[in-house]
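Going by the order they are written in, the chains are A, B, C and D; count residues from 1 in each one.
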Amino acid sequence: MHLIADLCVVPIGVGVSVSTYVAACETVLKEAGLEHRLHAYGTNIEGDWDEVMAAIKRCHEVIHGMGAPRISTTLKMGTRTDRDQSMDDKVRSVEEKLGG
Amino acid sequence: MHLIADLCVVPIGVGVSVSTYVAACETVLKEAGLEHRLHAYGTNIEGDWDEVMAAIKRCHEVIHGMGAPRISTTLKMGTRTDRDQSMDDKVRSVEEKLGG
Amino acid sequence: MHLIADLCVVPIGVGVSVSTYVAACETVLKEAGLEHRLHAYGTNIEGDWDEVMAAIKRCHEVIHGMGAPRISTTLKMGTRTDRDQSMDDKVRSVEEKLGG
Amino acid sequence: MHLIADLCVVPIGVGVSVSTYVAACETVLKEAGLEHRLHAYGTNIEGDWDEVMAAIKRCHEVIHGMGAPRISTTLKMGTRTDRDQSMDDKVRSVEEKLGG
């Protein structure tokens, strides 16, 4: 099952700056070989459901391993069976409507 | 890794009423033996990370199998290493502050 | 415009326990006269769009006023024009399918 | 109060393709003069709390006006009082850690 996801990980109990932990997640996603794109409030991820989910679990493990006692993550997950669609397709589909 | 999650599954392309699909998810969670509680905008779920995630994948499979061509899910996921905490603990912790 | 929402406020930079801040939000919602129900990963809220949104803004102001330097909130918002639906209706609609 | 938000609007009951409705939201945000950036699972928005929230309400009104009987939106909202931070700052902060 192909998945397009949007991951936003918030470590709690490590102070106000969380970018070090977000960067560690980016590294996890890169090492997993998953296509991913950082934006200002999360990261788009695309790939096989099991591979994406394994990487997200690894993100929690790595962030706890860095010393964060608590994590609250918001994850959006989109699947569809009617056709193949990539992250690029989703953005292009909206931009075409805007350009028309 | 113990997980407290909040699952909100939105089937797309099946008309305006989605309760049949949400009910199918409730059945998946029950059959998985996971503690879960329906509320007005999702379902709280508690359990081992892998078991919760397997059930959520099964929810997508079941809903697609019912004919929904597209699903957009919002999932919140909380983990902590500093102490054990159940769904009841979380609610009680807030209610104690309100009662105080 | 009638709104059914689900609010999850995460104060950042105030340590690992956030229940005091969540309790302050519950008080804001109560004082706003909005129907609301705490669950294990947020609070369901029902009411007029502007009143709900004013209360959520007030939550951010109150939590910052308590000393939290940063807040990350996840809010789900449901509106519909085809019929009136309350939080109770939503839960009942799913439960009827489960009972059937 | 300065707000960095992430908006994901899902119209329900209008079939499987939702890009026309997402494009209408982009137009609302543009007309509101708000800085915003489309990604593959939502749109980052930055601006004054009241202006961002007024635009999001307008998105719901416009989408209902286009014929969608039901909308389920997921919104992330970040505020901070310790320092000014833009959407660019957030991305740069993570990228600096990755480059270091």
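Everything that follows uses one rule, which is that a residue touches a chain if its C-beta (ideal position, glycine included) is under 8 Å from a C-beta of that chain, and two chains touch if they have at least 3 such contacts.
Keep in mind that this is a model prediction, so the values were computed, not measured.
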Contact-richer chain pair (by C-beta pairs counted) among A-C and A-B | A-B
Could you figure out which pair among B-C, B-D or A-B mirrors the C-D interface, over half of its contact pairs being identical by residue number?
-> A-B
Chain centre separation in whole Å, for chain D relative to chain A (CA means) | 17
Dist(centroid_CA(chain A), centroid_CA(chain C)) in Å evaluates to 25
What whole-number Å value describes the gap between the mean CA coordinates of chain A and chain B?
-> 19
Multi-chain contacts in chain B, i.e. residues touching at least two other chains, fall at 8, 13, 16, 69-70, 72, 74, 76, 78, 80, 82
Which residues of chain A touch chain C in the complex?
-> 8, 10, 12-13, 15-16, 18, 69-70, 72, 74
For chain C, which residues are in contact with chain D within the complex?
-> 1, 13, 49-50, 53, 57, 60-61, 64, 69-82
As the complex stands, chain B meets chain C at residues 4-6, 8, 16-17, 19-20, 22-23, 26-27, 37-42, 44, 46, 74, 76, 78, 80, 82, 87-88, 90-91, 93-98
